[in-house]
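Some notes on the structure that comes next.
By written order: A, B, C and D. Residues from 1 in each chain.
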Amino acid sequence: MGHPTSPHLLRAYGDRDGDGMVQMSFTLQVPPSAIAKEAARQFAEAHGLKEALVTAMEECGPGFTYFVVYGHSVHHVDLSKIEVPEVDIPDLDKKEIEHRIEERIGRKVVVVGACTGSDAHTVGIDAILNMKGYAGDKGLESYKWFDTHNLGAQVENEALLARALAVGADAILVSQVITQRNSHKENARALVELMKREGVRERFLLVFGGPRVDHKLALELGFDAGFGPGTLPKHVAAYLMTRMIDRQRASAFPGKAGTAHE
Amino acid sequence: MGHPTSPHLLRAYGDRDGDGMVQMSFTLQVPPSAIAKEAARQFAEAHGLKEALVTAMEECGPGFTYFVVYGHSVHHVDLSKIEVPEVDIPDLDKKEIEHRIEERIGRKVVVVGACTGSDAHTVGIDAILNMKGYAGDKGLESYKWFDTHNLGAQVENEALLARALAVGADAILVSQVITQRNSHKENARALVELMKREGVRERFLLVFGGPRVDHKLALELGFDAGFGPGTLPKHVAAYLMTRMIDRQRASAFPGKAGTAHE
Amino acid sequence: MDESVVADCRRLAAEIADEVQGFIDRHTTVGVERTVARAYGIDGADDQGAPLVNLLVERVHAQKLLGRGIAFFLGRELLRGAPSLQEAAERLAYGAAPVDPSGPETLAQIQAALAAPTLAALARIDAAVHERDGKRERLAMGPTPHKYVIVATGNIYDDAVQAKSAAHGGADVVAVIRATAQSLLDYVPHGPTTEGYGGTYATQANFKIVREALDAAGAELSRYVMQTNYSSGLCMSEIAWMAAVERLDMLLNDSMYGILFRDINMERTFVDQYFSRRLIARAKIVVNTGEDNYLTTADAVEAAHTVLSSQFINEAFAHRAGVADEQLGLGHAYEINPWIEDSFLLELSQAQLVRQLFPKHPIKWMPPTKHKTGDIFHSHVHDALYNLVGVTTNQSIELLGMFTEAIHNPLLMDRYLSLKSARYIFSAAKHLGEELEFKKDGIIERRAQEVLANAHAMLVEVQREGIWDAIARGAFAEVKRARDGGKGLAGVTARAAEYVNPLLDALEGRA
Amino acid sequence: MDESVVADCRRLAAEIADEVQGFIDRHTTVGVERTVARAYGIDGADDQGAPLVNLLVERVHAQKLLGRGIAFFLGRELLRGAPSLQEAAERLAYGAAPVDPSGPETLAQIQAALAAPTLAALARIDAAVHERDGKRERLAMGPTPHKYVIVATGNIYDDAVQAKSAAHGGADVVAVIRATAQSLLDYVPHGPTTEGYGGTYATQANFKIVREALDAAGAELSRYVMQTNYSSGLCMSEIAWMAAVERLDMLLNDSMYGILFRDINMERTFVDQYFSRRLIARAKIVVNTGEDNYLTTADAVEAAHTVLSSQFINEAFAHRAGVADEQLGLGHAYEINPWIEDSFLLELSQAQLVRQLFPKHPIKWMPPTKHKTGDIFHSHVHDALYNLVGVTTNQSIELLGMFTEAIHNPLLMDRYLSLKSARYIFSAAKHLGEELEFKKDGIIERRAQEVLANAHAMLVEVQREGIWDAIARGAFAEVKRARDGGKGLAGVTARAAEYVNPLLDALEGRA
């Protein structure tokens, strides 16, 4: 992708370089008419679509009209300017992960996980933690070197933290699936605050996951890592293993920060 | 819609007033990755979408990725500022149109129509002109008081004009379906120029039609009227009848312009 | 279809249900008693928003007197001079003195005092039934599959707008999805609500607002548009009551959903379910059960038989509550991984199997959700195949899939397009089901046999161990729940010998 | 299916084709003769872009000598000392003197001079066949229905990018759609082209560029990806030649399309079609016919039988040109108004009927286009049902519908999503066709009977009047064309007694 500072401009691609073709759909609160169509066209143009073409205009409710528009976007993004933190996960299989924990940590890594707040979507956290796993990849329960506590759904932050303290967890895993009005962010942020208030934030690796989660968001919310759609248990296991080794090393050589796979 | 000058702001409507929800899809020339996803998000934000959420990121070709994004658009349009010329068509049925031509014009209105240039899509012009008509509404050929000449497809502007002159047409009807790279506009504009060069533009009612045509576009291109998707033959017949009566009146009382249904 | 296997499934399910019914008949819950109070017209909430029925029932329950039934105390209060039941309730709830555990009033006197209010309560239900019948006679109903869509803005006034639009788009049934975790609230919020996450609170006022919107739309469209909501969670039976009198047409109502997905205590919810279904039966509301949900946690190919066996059990429960087959919309779903070979055939098989085994039932069919992704275009195609199976196998109630399923609660536009697609497919393939025969011993037929056989085997096992233990070992949805775990157990109490519930007596046909 | 009616349809079609074949065998065209010149390796264009073969043939034709065949003159020029056929062509085309109408050379001498070049021409075709066979042996072919998509950017280099992406998305066949109205050009543009409206010019260089792109993608994917283009319009047979040697796998090739939709003269295009099909037969290319197009102008319910009768006629024409059934991809389409009740059943019926009547033929099936609107979401659903019928009735070649059909030539993303949808449906319903039986005398079966009966009646009539008059009265696609009207008639000429065409002789098996 070229030198990091040389711009790499991306425009939308329809079927030719630089055509900028983009599709939009939206609803306006106006019944269909020639004026409504022109309004939709101007609305699309306000977004930077040139030669916007309204291809569908249908009444989708009394006084509401749904539109599809195509147009040539004038916008671009500079890929060379985009920096996205990515979780640093060695690509290891279960056996190798187990082996490294045994060798370098020498004890079970204790993990507590839950789907918090009023969220009842356990499938994601179960996929990571339970024996069965996800897409053929076994969950953390199946690892000899993890001690896994899956608290299930609708767990309040207080209860989660209490349990983590009680079992002496190394890591707390939080799942959030409901995102309406950013409830996932609020729940997650509240946990971080609670932990800080209790002065235990640094005691745990704090991991966030869910369909609308990524590493960037997790960092913003004060977590150590974030995992999104398609995560496999082994990704999480490898991450935890690596960071546990880091921590161990850091406490052994407090002056020197580093990662296990330098 | 309130007083014409009081603003009537429209934002996109998802499921609540003012949420501004808009959907976009596009392709960027970059393989899928966390960076690509962030690029897509920023690209959407450049269009004015807040809290843009990238919901799909799939490789749609080597080095190309397709994205779906939802976000809250910050844009609005002011409906009170939008003016769209609309063709003025009395809502009349075939019988009444025939009756008025007979009464007020007293001779057949002569119409020549074609799909011009290299465009071979005759279904639209046939729908308007041929006996069979469209969606249950009979075409101009079925009217006693129209004399209809449908020249079919791939007709050059020169040939069309020559024929119109030869048969002493009152109106020339042009259909354009192919719009790639604006070929429809170019073809239409070329006809107007040709007619002006020949000094016969004012001799004819000049009507434009096609799936991407509207009255506004037709006026811009120098036509008298434009008809888009869903046009019925009776709309065109009513328009022609009205304008023919106008013309007649204008030539009878040259000082006074007006329309037949004042 | 081996009819003897089917018959044996029904026998086993009956035995499973009978065992639970024994427990139900000996218990009551705070939910049931609050419902009774509501039925007697007790209304209102305190300045904290706590409903009077809650304060009332809690007070009695705190004194461990709820085993007599709230009616016992209400009736007694009438005998003691309360001018109305509302007044009676207020005295009991707010009175300075604790509830009097004893007194001279006989059960017969108490029952007599409640005779008129009980009839009035029943009359309210019957009036709604009558009104519904009248409207349905005047207004046509759409053909099956009935197109069922959800609205869920969080704000009931926005919901009303969406509901009307949905009706205009062709919806036959409109559900207002509840706010996240309302199931876990042990009270029903009061009044219209405008702030909910993931949905809008089920309240009586909200029911009324949507009913009006749908009636208005129905009048414009000359089509009766049905309304539905959730009678589940800790307020299952109260909501059933509210729905009955606000003329809802359907209710999601299933103890299994609460137990498995909401971690509600099983004793609590079995008892609540029974009473709610007694009301539902009287109100001629169609029940929608929740077996479809199993396939969101378990694999739809491997666990298909768990859905079926649960349907047999649910049917047996419903029969015991007086719910007619014509009211029983057993739930199932189109949740097989779409990318496995012949997934469409397996779905067709399952849909046809359920349709055949429950021929009189207004089967409720749920769309693909679990395998949906944010690729909205593809998601719409996935739903199209679902719609095609729906009309081909003549499902009765079809919850329409949304192409934004993996993203957000449906926008106005999403719902419109979903309805448009269903309208198209239901018309384009209207008589397809009558045209097709499945090859003898083909993939479709063999799959149906297999699912039935597995369901039978499962019922044998559940009958042997009892449903309590079956749930505890994770037989359904791969979720394990303990009999003494979950929410709401404290609200369960054994009925005392002097238990008074004239409403239940009437609903059970004893009055 | 009444087999005797089917047999009678074939008999009638044979008689219709025989009558035209008589005409064909007595005529040649500028297109045929340019093709012969190309086959002899004549290459290049002048500085105006006019191909040498055009200048050559025009010159001869202007002198009214084309009835002898271009080979006559080329061969004679060799006898007169031209060092090569290219040189011979240049002398004839650019020479100061007019073409010599007479000379001492005998036909036998001329034939002899052309023997080696003729073999070389055939060898070029055969080499391509050989290469294709080899590749197909090494690389798997996708299962049927073969997923066929179009690319059409106007710029061949962009097309190559799109073609590769399509292959990665699962396409089995990639067509580069031609620029608008290339059909009407009476020459084939030369070299790679980057400016086309509505498509990209079919040129030999463009064929090569796309062939390379698809071979590269095929190698990456270990799957043979087929290439197709249009052998129709005024250069039908020249393009067939180019396609043969550039190893295209399929060709849209149908005189009826040109006559009806391009207003090409019927005499001209029947003759051109015959020669092009002789080449196609040798090149083992699969022909795609264009009956599907009828339903874009005529109503798909009312005119279904016109498609079928035309297919029988087209089959008869193909047989006369040595095209094997296995090469004959008769075209039909899913063009019924989707909103009419049971439209899906009618489509299923038609698709199944065509499949059954032409069991060995690689049937080509076209998607909904006419009833598509700019509602891209709904359009995608419409295509989904089409895909389902395609896999159920096992169509051989399925041109995938695009959700942007009513808007623009497909974007990269449109094609990707279309392929994704087809991949899903073809897998999810893989064995559906084997599972289903249609009810005896149901809607589907009755419709098929009706269409067959109507097709038979139409063939009776066309046989009686002859195809020339049938076309003239608008029997197909509701379009009327006169025998002496349309484009390209001036390019038709009667063969002289001394007509020389060793290539045709060889292709007809006489050499």
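Throughout what follows, a contact is a pair of C-beta atoms (placed from the backbone, for glycine too) under 8 Å apart; a residue touches a chain by one contact, two chains touch by 3 or more.
Every value quoted in this text rests on a predicted model; they were computed, and no experiment measured them.
Student: Could you tell me which pair, A-D or B-D, is linked by more C-beta pairs in contact?
Tutor: Of the two interfaces, B-D and A-D, more C-beta pairs touch across B-D.
Student: Considering only mean CA positions as chain centres, point out the chain farthest from subunit D.
Tutor: Relative to subunit D, the chain whose C-alpha centre sits farthest away is C.
Student: Where the CA atoms of subunit A average out and where those of subunit B average out, how many Å apart are those spots?
Tutor: Each chain's C-alpha centroid was found; their separation is 46 Å.
Student: Compute the distance, rounded to whole Å, between the mean C-alpha positions of subunit A and subunit C.
Tutor: Chain centres of subunit A and subunit C, defined by C-alpha means, are spaced 34 Å apart.
Student: In angstrom, rounded to a whole number, how far apart do the mean CA points of subunit A and subunit D lie?
Tutor: Their C-alpha centroids are separated by 51 Å.
Student: Out of subunit D, which residues touch more than one other chain, so two or more?
Tutor: Only 162, 373, 375-377, 406, 408-409, 411-413, 417, 420 qualify.
Student: What are the residue numbers in subunit B that touch two or more other chains?
Tutor: Within subunit B, the residues that touch at least two other chains are 13-14, 17, 21, 23, 25-27, 53, 58, 64.
Student: Quick one: label the inter-chain contact graph as line, ring, star, complete or other.
Tutor: Basically all the chains touch each other, so complete.
Student: In their shared complex, at which residues does subunit B touch subunit C?
Tutor: It is residues 13-17, 21, 23, 25, 53-56, 58, 68, 70 of subunit B that touch subunit C.
Student: Spell out the residues on subunit A that touch subunit B in their complex, using ranges where they run on.
Tutor: Listed in rising order, the residues of subunit A that touch subunit B are 10, 12-14, 17, 21-30, 34-35, 37-39, 42-43, 46-49, 53, 64, 73, 75-77, 79, 82-84, 86, 212, 214-216.
Student: Can you tell me which positions in subunit D touch subunit B when the two form their complex?
Tutor: 154, 161-162, 164-166, 168-169, 180-181, 184, 197-198, 261-263, 296-297, 370, 373, 406, 408-409, 411-413, 415-417, 420
Student: Contact residues on subunit C for subunit B in the complex?
Tutor: 151-153, 155, 158, 162, 373-377, 404, 406-413
Student: Which of the residues in subunit C come into contact with subunit D in the complex?
Tutor: 338-345, 375-378, 380-385, 388, 403, 417, 420-421, 424-425, 427-432, 434-439, 442-444
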